[in-house]
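Okay, so chain A shows up in both of these, paired with chain B first and chain C after.
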Partner chain A sequence: MKILFINNDGAGFADHIEIADGTTVEQLFRKRVNEGNPADYLIRVNRQPASSDQVLQPGDRVSFTPTKIEGAGRT
Partner chain B sequence: MPSFDPQFWRAAGHLEQFLKTRAGDSHPVTLERRSFLQLQVFTARLASVEQLDWQLSVQLVAQQLHAQLKACESQIANALERLTPRIFSPEAPDAAEIYEELIALQQEFEDCEVNLRRGTLSVVTEPVVLEDIDLGPFRIVLNWKAGPELVPSSPYTVEAISPRCPDDQSNITHPHVMRNRLCEGEATCAVQQALRAGRLTDFFQIINQVLHTYNRGSPYAPLSDWDGTECHACGAHVSDDSSYCPVCEAQVCDDCSSCCPHCETSACESCLQCCGHCDSEFCPGCAKVCRECEAVFCPDCLNPHHLCPECDHANESEELESNTASPPEETAPCVAVQSAGLGQIAVST
Partner chain C sequence: MRFSPLAWAKLLFLRDLGPTEVGGFAISDAQDLLYLEDFVLIRQECSPVTVAFDDDAVAEFFDAQIDAGRRPEQFARVWVHTHPGNSATPSRVDEETFARVFGRSDWAVMAILAQGGQTFARLQFHTGPGGSLQIPVAVDWSRPFAASAWPDWNQEYLQNVRPDEFCHHQQIREHAGPLSVSEMLDGLTEHSHQFFNEKGPT
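Up next, the complex of A and B:
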């Protein structure tokens, strides 16, 4: 099944990706954010906070936004 | 399911137009044909002079080719930058999608406001506290009336609700905010992408997370300029009422200071020493020097004669040996000599 996956870590591109039926939020996170800690991300499914065991549905919109993003100043 | 909000719906219509205008406002991707033809000319010329082994000419043409390659490289980098959004950017969202974003935004931020007259959508963040410095909440304002010609890359401002600025820098309200403009740093691309795609919740959340993160490597002003200073030991920010080391007179954070267990004076870790016998820490004021080995110990580990346990033990052994080896009447002068020595050492220390 296909979902819309938005990774706001880095470039912030959105992409339609294929995932297996029954994939949970945690499984998707582990697959997409290799060494990341879920606690360091705002995880939303269809713009709503999601639990780690939530099973994703076709057409879901999933976004991962890191809680620590470094700004700058002097260039 | 939240009830229908007509103001949000009208705002969604304005934002739809705004995002479509921005999407159509792409800068053209251009490459100067002449530059690349020149590149071919210099490349061929270099090959010729190398074949002829004209050393001076080889050097001259190589320099020209190098400069031309750099010029072309810069053009390619520009073209790539302008091309990337065209490849990855989805179509601008319609009003219904934007309306859903506005509803979600209201759930993410308690204070979410639309001002149709000014053409703004704004949210207020939670108070931003960076390394114990409370900078207060910030209002992030997206201005859809600003137009791409005014602020092509960032049609938003970041305003401190109760500005707290470093001394003499009233235009800096956050280490990464100057004149209400956020320097997005590593969020630049994600912010642009979220706005281009109309993902308003992501747009505001990313900016919010940047505000809640301190990049000590590249601020407009370091946090130490707000209040207090940097920890002398680890570089972390410390407030004025943090620990002060009376020995080296440096300001240190709580993690880098300890209390001397003998006099209860607080000192930084580099000024506290460790006793060679019992491993307890002590400050320089409590340090005691063994009169025999001259090593430094804590006050608990030196006996009243200023001897460390090892030297004390060694002296006792020597005394015992001399007592058993010599006749009793010969021991008295030895004790007298040792007493005199004791006095000399006490004076010298």
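Up next, the complex of A and C:
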């Protein structure tokens, strides 16, 4: 089945990909982000926060976006 | 790295609009990724010395940009924020964010504009042998550019920049009368202690 996958790692990615039926959010994360820490990403399915065991459905829109982007002036 | 006149004017306008730092992402030309066509604020909580993006707003920004037909390398590679004072040198918090958030991208730029006008930009790349280098910042006047849009920029600021409690306190006090220098320093010091006790010293 196909889903739309958005990921900022590497060259950046926003395209339809083919995944196996029954793939969970966690499985997709492990396959696509590999050694990344899930805490460093906001994982959403169809623009809503997703649990790790959520099973993806055909046509889902999945995004892994960075969290805790913060800056500070020098003091 | 070159800003379009429009992007540069917008960044200066937003830097000077309120009492806080501001931050966002630059939008790159599809064919020339170090030519920055625009600067976009992300919903954020700010103080005079800090800026923190809202995680949901970052995700919404990504979705909106993808829907607009852009690729991540056009909208999520150049992280821009401002600093108070005259120094654009990255702080420890800046460095940690740059390493953690952008360290898995093929390339990224951390760009900083200080209140006093100093600029800083570092390009890091992870293809080939990898590396990083400081790059110059310029305004490119060679291409046509649109007119300033202050009302729109002002609206974008109001929708996205949430000053923290100290700034609210300061603004309320401005209506009642200016803070004394000692009151302002006390407030800043208190705020900085709260922030950096969580993050560690810069």
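We adopt the following convention: the second predicted complex is superposed on the first by the 63 of 75 C-alpha atoms of A that agree within 3 Å, B and C clash if a C-alpha of one lies under 4 Å from a C-alpha of the other, contacts with A are read in each partner's own complex, and residues count from 1 in each chain.
Just so we're on the same page, a contact is a pair of C-beta atoms (placed from the backbone, for glycine too) under 8 Å apart; a residue touches a chain by one contact, two chains touch by 3 or more.
What you see is a predicted model; the values in this text were computed from it and never measured.
Chemist: Please indicate which partner A:Asn8 is in contact with in the superposed arrangement: first for chain B, second for chain C, both, or neither.
Modeler: After superposing on A, A:Asn8 lies in contact with both chain B and chain C.
Chemist: Check whether A:Asp40 is in contact with chain B, with chain C, with both or with neither, and answer first, second, both or neither.
Modeler: Touch status of A:Asp40: second partner only.
Chemist: Check whether A:Thr67 is in contact with chain B, with chain C, with both or with neither, and answer first, second, both or neither.
Modeler: both
Chemist: Across the two complexes, find the residues of chain A that touch chain B and also touch chain C.
Modeler: Common to the two interfaces on chain A: residues 6, 8-14, 42, 44, 47, 63, 65-75.
Chemist: Hey, which residues of chain B end up touching chain A in the complex?
Modeler: Residue list for chain B touching chain A: 88, 90, 100-101, 104, 107, 175-176, 178, 182-187, 189-194, 197, 199, 201-202, 205-206, 209-213, 215, 217-221.
Chemist: Tell me, which parts of chain A touch chain C in their complex?
Modeler: It is residues 6-14, 33, 36, 40, 42, 44, 47, 61, 63, 65-75 of chain A that touch chain C.
Chemist: Tell me, which parts of chain C touch chain A in their complex?
Modeler: 21, 23, 42, 48-53, 55-56, 58-60, 62-63, 66, 71-73, 76-77, 79, 81, 83-85, 87, 89-94, 97, 100-102, 104-106, 112, 192, 195-196, 199, 202
Chemist: Looking at the complex, which residues from chain A come into contact with chain B?
Modeler: 6, 8-14, 42, 44, 47-48, 63, 65-75
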